[in-house]
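In what comes next, chain A is part of two complexes: it sits with chain B in the first one and with chain C in the second one.
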Partner chain A sequence: MNSFIDYTVNGLVIGNVYALLAVGLALIFGVANLINFAHGSVYTIGAYVGWAAITFLHTPLAVTILIVALACGALGAAIERVALRPLQGRARIAPLLATIGLSFVLDQLVQLIASPNPRALPVDLPDWRISIGGGSVGPMDILIAGVGLSSAALLYGFLRFTKLGYAVRATAQDRDAARQMGVNVDGVNSAVFAIASALGGVSGLLVGMYYNHIDPAMSFQATLKGVVAVVIGGVGNVPGAIVGSLLLGLTESYGIALFGTTYRNLFAFALLILFLVVLPNGLFGGRRAVEAEPMTGTFIAPSRALRVPPSVVAALAVGAFALPFALPAPYMLQVLTNSWLAGLLALSLTLVAGAAGQMSFGHAGLLAIGGYASALLATDYGVTPLVSVPVAGVVTSLLGTALVFPAFRLRGHYIAIATLAIGEIVSLVILNWESFTHGAMGVTGIPPLSALSYAVTSARAVYWLTLAALVAFALLQARLSSSHIGRTLRALRDDEIAARSHGVNVTRYKALAFGFAGFGAGVSGAISAHLFSYLNNQTFDSQLSLLAVTMAILGGMGNILGAVVGAVALVGLPEAFRFAAEYRILIYGVVLLALVRFRPQGLLGTV
Partner chain B sequence: MSGSWISSRRAFVAGLLAAVAAPSVSAKAAGGEQILLGVSGPLTGPNAQYGAQWKKGFDLALDEINGKGGVKGRPLQYQFEDSQADPRQTVAIAQKFVSDPKIVVELGDFSSTASMAASSIYQRAGLVQFGFTNSHPNFTKGGDYIWSSSVSQADETPRLAKYTTELGFKKLAVLYLNTDWGRTSQTLFSNAAKSFGAEVVAAEGYQPDEKDFRSTLVRVRDANPDVIVLISYYADGALIARQIRSVGLKTPIVANGSVYSPKFIELAGDAANGVYTETNFFPGEPRPEVQNFVTKFRARYNEDPDTFNAVAYDTIVLMAQVFDQFGTDRTAIRDGLAKIKDVPSVIFGKATFDPETRRVAGARAVYLVVKDGKFAPWDGVKPTVN
Partner chain C sequence: MAALCQVRGLTRRFGGVTAVDALDFEIAQGEFVSLIGPNGAGKTTTFNLMSGLDRADSGEVLFDGRRIERLAAERIAALGVARTFQHGRVFGNLSVLDNVLIGAHTRLRATRPWAGPVAELALALWRPRSVREDYAARESEARAIVARFGDRLTPRLDHPAHSLSYANRRRLEIARALALKPRLLLLDEPTAGMNPTETAEMEALIGELKREGLTILLIEHKLDMVMRLSDRVYVLDDGKRIAAGPPDEVRNDPAVIEAYLGHSGVGRRPQAEAAE
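For the complex of A and B:
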């Protein structure tokens, strides 16, 4: 019983930390209808600004908080002005992708300037503690709770009772109407980003002080937990964000109590999926929390696809097959092999996102399922890779579709969040299901690819094999897209309601798209597993999922040749720019930002 | 920062103009044709700090060796390729290295995920992959070209268990990083601790990006241990130590050698005091190998070295000796590693490989305890165990 109180207190304490983040995210969502993936980066920058102020200027706590709030407020306004305002009127996913690009850029800048090594962020608060049950609460806990609650209360009052608050709410409800009534909509947006970012920066500072630890990699987890809390509370609802955070903290804490520490994040993401399925508007969201969009959350910029004559494509393919004779360097072949494997992933994503309208942010999870299926079959059950690779494709197809199935009825940003969470869940299940997947130890000694008695190990053989797989899938997918199935998928993407009223069984077609896409991604993962000979739960991580999204957009959503071009550009080209190693992620971020802004239809155009 | 960092920056600008890849190379001394070592390691991404630590160790050793005229008049140089510790990139780097005849040996990568993905390429091509931070028990099983000077966990963790039981602790709660490294260490530690008559009353794995341990500590407290054992790196170890104290637990802490870093004390603050640890590398140790390294490191970087600096330094010193005695042919290097004896080493004292396991046994062990915010040799005083 005593311990139960402790777990509850601890859950509330960590929930309190999440709340600081969630309030800012909820505010931005409420007004701009946007999940700000750069919020975690602002949080990190806030922590580092605070560190600099304390270290170089020796500022007391109150002044540090003020400096951080001002700096991050200005940063927030700048983000809104430079990266997001130009995207007004675009597909809703465009600003979301822009914030992902921004987060790459900002995190990498922090790392370049401040070095990746963690730093201490000491705080000069009195050293007393209030004991509750078997544990205790210190001044920092109370400060964090105070800042969280009072900022939520202030925001609530501001939104309810002030003129600018009216303007903010009017903008949130109907941007065009608000503008007609003389509301300076851009100014409102700017103010909201400034306020939310100031709060985000201060939370980074406080959390950094709480743990006496700041590092440039802290932003991704922070955003993830904040987003989960916001969805639970009901997007766009500031008090809801606080309740959602506390509920998330409690769930994690009780999860640890019941099953142990390794299950913590599994509980967090399972709670998220549960909410998305049962109560997608969250605890406090109104029924119209998220606008229904005709384009269900995809990034389809209407455009005419660049027509590449089939003869040119065929010539390119033949050229690719002949390349090893002209250019035998194994290094180049390996780089291109990586590109072909990434191409399979991009093809898979461009099918579900571009053709069927289901943007997936957890696609690396499919690679992981395929890789593990083939690796475990080959090592633990002695199946030859000739059989295990296609079987892995089938397993991924079935399991992947089943996992995404609950997300089929979701729309807009929710699909993105759900797939992100599903990707994380796959990785966490692999980590925890030790008896089957070998857990953290990973799978070692995966045999190389072989056909009958011929081992496919030379760089050249692997190159041809992966290229052949890629070409085969591309042809199949082209056939699918030009058939009645492809037409139906596009109809469903462009207007799900219209498609449904024409008698299209939406769920079945989405399942078909995911099934096909899962097979391709699964085969890609399986081949990778045999190439690497070692796999663990981190081989296919969430960074790879985001890279896949960038590849598909770069090529042009739904565009088959485009997906391959995107993969070669993002996996092959960085190898050519190795000398710029320290700037590579920065370059990805800038590419993504520039694409979203200037060429949303991608290089080859959407289909 | 080291010269190589600056040169890579210059290359960045030059490269933008010329679009020609120019890898970052370092050290210019001695005449003769250079001997090139390929390094695959993280310079960006979540493990970037470790790549930066390696560079400092490498550069120090290179200066020392090249300052004395290199190996038989030939200067040593390394080519550092950033892998972000990502397996997709290490396989490409592996193909690059094996097909470049100038590369005589490969060093790295950092994590097991990244290194073991590339092992089969090195093995097939017959280029030694020398992992000096790879503790995965299967790493060197990749073939006879796969070698490691990483202190084997089978060697290290039983010693930590011995120290823990020598301190008089009987009921142990283990918190471990849930990676292949932490998992292996935890199993080995628990088995060894049992053989010394102690009992493991709780074992909790945590994720590398975990920051909050309060609820975990309730589980630990309820198991009623008389010590908390941390199988952690310094950053997460410091977080846990702080939280143990801030939730009001008085339980003593023993941590394994990888927390040994000035950063551990910086990040843990007062909570570091009283933490027992055991390390292969302690700057205060009077051995000449250690003192030579520490003095030079302080003079060059104006800071105390940590274990990652030390293993990187050791690796270059070892390679220079192998080149000197056995030449720079790729196969000769493999054979040389099996034959070379008693190479002076910061970590091992004298390093000799076991040709069967392709690892080095017998790392030095120094028992430490944190006193007044500093690592100090253990004074032999046992804590009172309730």
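For the complex of A and C:
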């Protein structure tokens, strides 16, 4: 009973912190129709600004909070102005991708400036606790609750009673009408980003103080938690975001109480999927149906794909196969081997996101399934890699499709969020299903690839094997793309309603796309597992999923050759130029931002 | 003549508004029937209910003696009901030819449900002779259908649909619907936004389809065209059927005139409404 109260208090405190994040996300979604993936980065920067103020300026708490709010508010306004305002009128997913690029840039900058190591965030708060019915509440809990409640009250007053607040609400309801009534909607956007980011930054500071721990990696999880809370409450609904946050905080806290801390995020994402499937409009968004607009979930910029003659492609492939003879350095071969494996991932993603229009932000989850399937078969069940790798492909194909299946009826941003959550769930299940996956220990001693008695271990042999797999999949995918299935996928991407009205069973074709794509990604993950000889639940993380998205966009969505080009450019080049390795994520972010802004159709054009 | 399609007591409410209110009508095999009525009368909602894109609150739609009002859109299409959309929903990034080929989707042998998705994938990748012949046959049909629109679409077969003019998109929609080889064709304002020349051309084509024996249900505001083409006309207002019969009868029905004039009739002329 005592612990029940403690867990409840803890849940509400964490819920309050989530609320500060989620309210900002909801406000931004309201006026800009956008899920701001850079929100977690602002939150992290808030924590670091607070740390800097306390450490170097020795500011008292109230001043620290003020500094953080001002700095993050300015940052938010800058984000809106520089990265998002130029994208108005583009595909709805474009600004979302820009915020992902931005989060890469901001996170890496924090890491470069403040070092990737975690830091303590000392707090100067009195050391007493009040007992309540067996549980206890400390000053930190009260501070967080106080900041949470007073920000909510301030925000309510602002939205309800100020002129700018009216403008914000009008813009959220109907941007065009607001503009015609003389509302400066750009100004409103700017103000909302500033307010949301100020709240987000303060939230980061409070979390850092609560755990006495800040590190640059906290950004992504924060964004995810905020998104979960917002979806629960009903996207774009500010009071809903607060309720969703508290619900999420309590669910996590009770989940920890019952099952242990490693289950915390599993609960969060399971809750998200549950809401997306059962109540996609959230608790408070019930009245408006999920809108059915064609071409929102895709990033298909109308363009003519660059036609590369088949002879040139064949010559490139032959050149790639001959390269080990000209390039004896094993390091370069390893770099290219990684590129070919990434190419398989990009091919897989470009099929579902480009050809079929189902933007997947969780594609690394497929690699994880394939990697673990083959690794466990080879280590725990003694299956030879010659068999375990293709079996892993089939397992990934079936399991991946089954996992995404409930999300097939979602559209636009929702499918991206759902796949992101599914990717996280895969990783968390691997972490927690210890008896089968070895849990946090990971799988060690995965045997190298071998065919019968011939072990594929030399850099050259591995290079040829991965290149052969890539070429085989690219050819199969090109074949698929030119068949009636390719045409049908592109049709349902452009307009599901029209496709259904002409007899296309969209669920069947989405499943076919994910099944085919899952096989390729699964094989890529399986080969990687045997090359790495070690896997854990973080080997294939969300960042890799987002990198895959960047690769596919760089090459041109749906473009098969483009996917390979994107993989080589983003995985091969930074590794080849070693000096750039430290700045890799920064480069990815800048590339993504620049692409979305200046060349949405990618290098080779969308198909 | 036996009715190919019967609608009985069809009702659809949106909140407090009853968009389609206990509607009854039928279409015989080979008949040309039109639905007319002022904007908001429930015509497009009726199409959505008949084609499986919306669910009726009550009532039934029988096609060939079979109830279809609860079937998924793709099942209804597979039974041979094709439709076009009021505002045009072509697949923007697909070529004109591919758009039409999607219309023939249900008739591809490789997509037959009993084959199963895995078999379908294998057939599409392996493409044995039978599948290649199937593809070729559908493609030559598609070209023939496109050729019915004269030189409007043929020179643009490989162009992406988003590059077409508005009128050409409407033509492409009809071509796509025809590729389904429908037993019942639902046309939702096929000449909306077309100039008089284009409208006349479209009317000629629709007349040709009628003479070939295709069963057609037409929604159209251009009443002259409706009167020339239709065997029978149903008039809707506020979701209810207010008149039905051969064109000449309906034209002079006082209820129809009232509906088109508006209940007060102030400042509105029937010609203006009809030209919308």
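By definition in this document, the second predicted complex is superposed on the first by the 590 of 607 C-alpha atoms of A that agree within 3 Å, B and C clash if a C-alpha of one lies under 4 Å from a C-alpha of the other, contacts with A are read in each partner's own complex, and residues count from 1 in each chain.
The definition used in the following text is that a residue touches a chain if its C-beta (ideal position, glycine included) is under 8 Å from a C-beta of that chain, and two chains touch if they have at least 3 such contacts.
If you're wondering where the values come from, they're calculated on a predicted model, not measured in any experiment.
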According to the stated criteria, A:515 is in contact with first (chain B), second (chain C), both, or neither; which is it? second
Between chain B and chain C, which makes contact with more of the residues in chain A? B
Which of the two partners, first being chain B and second being chain C, lies in contact with A:150: first, second, both, or neither? neither
Going by the contact rule set out at the top, does A:459 touch chain B (first), chain C (second), both, or neither? first
First (chain B), second (chain C), both or neither: which does A:211 touch? first
Contact-wise, after the overlay, does A:10 reach chain B, chain C, both or neither (first, second, both, neither)? first
Who does A:330 touch here: chain B (first), chain C (second), both, or neither? first
Between chain B (first) and chain C (second), which does A:55 come into contact with in this model arrangement: first, second, both, or neither? neither
Chain A positions touched by chain B in one structure and by chain C in the second: none
Please give the residue numbers of chain B that touch chain A in the complex, ascending. 8, 11-12, 15-16, 19, 21-24, 43-49, 52, 81-82, 84, 87-88, 91-92, 94-96, 98-100, 111-113, 116-117, 119-120, 124, 136, 138, 141-142, 175, 178-180, 182-184, 204-207, 209-216, 218-219, 221-222, 235, 238-239, 242, 246-248, 263, 266-269
List of chain A residues in touch with chain B within their complex: 3, 6-7, 10-11, 13-14, 17, 108, 111, 115-120, 122, 129, 131, 134-136, 138, 211-213, 215, 217-218, 221, 252-253, 256-257, 260-262, 264-265, 329-331, 333-335, 338, 341, 431, 439-442, 444-445, 448, 457, 459, 528, 531-534, 536, 538-539, 571, 575-585
Could you pull out which chain A residues touch chain C in their complex? 294-295, 300, 302, 304, 476, 479-480, 483-485, 487-488, 490-491, 493-495, 497-506, 508, 511-512, 515-516, 606
With touch defined as at the start, can you tell me which chain C residues reach chain A in the complex? 51-53, 72-74, 77-78, 82-83, 85, 89-94, 98-99, 101-103, 105-106, 108, 110-111, 117-118, 120-121, 124-125, 127, 135, 160, 162, 176-177, 180
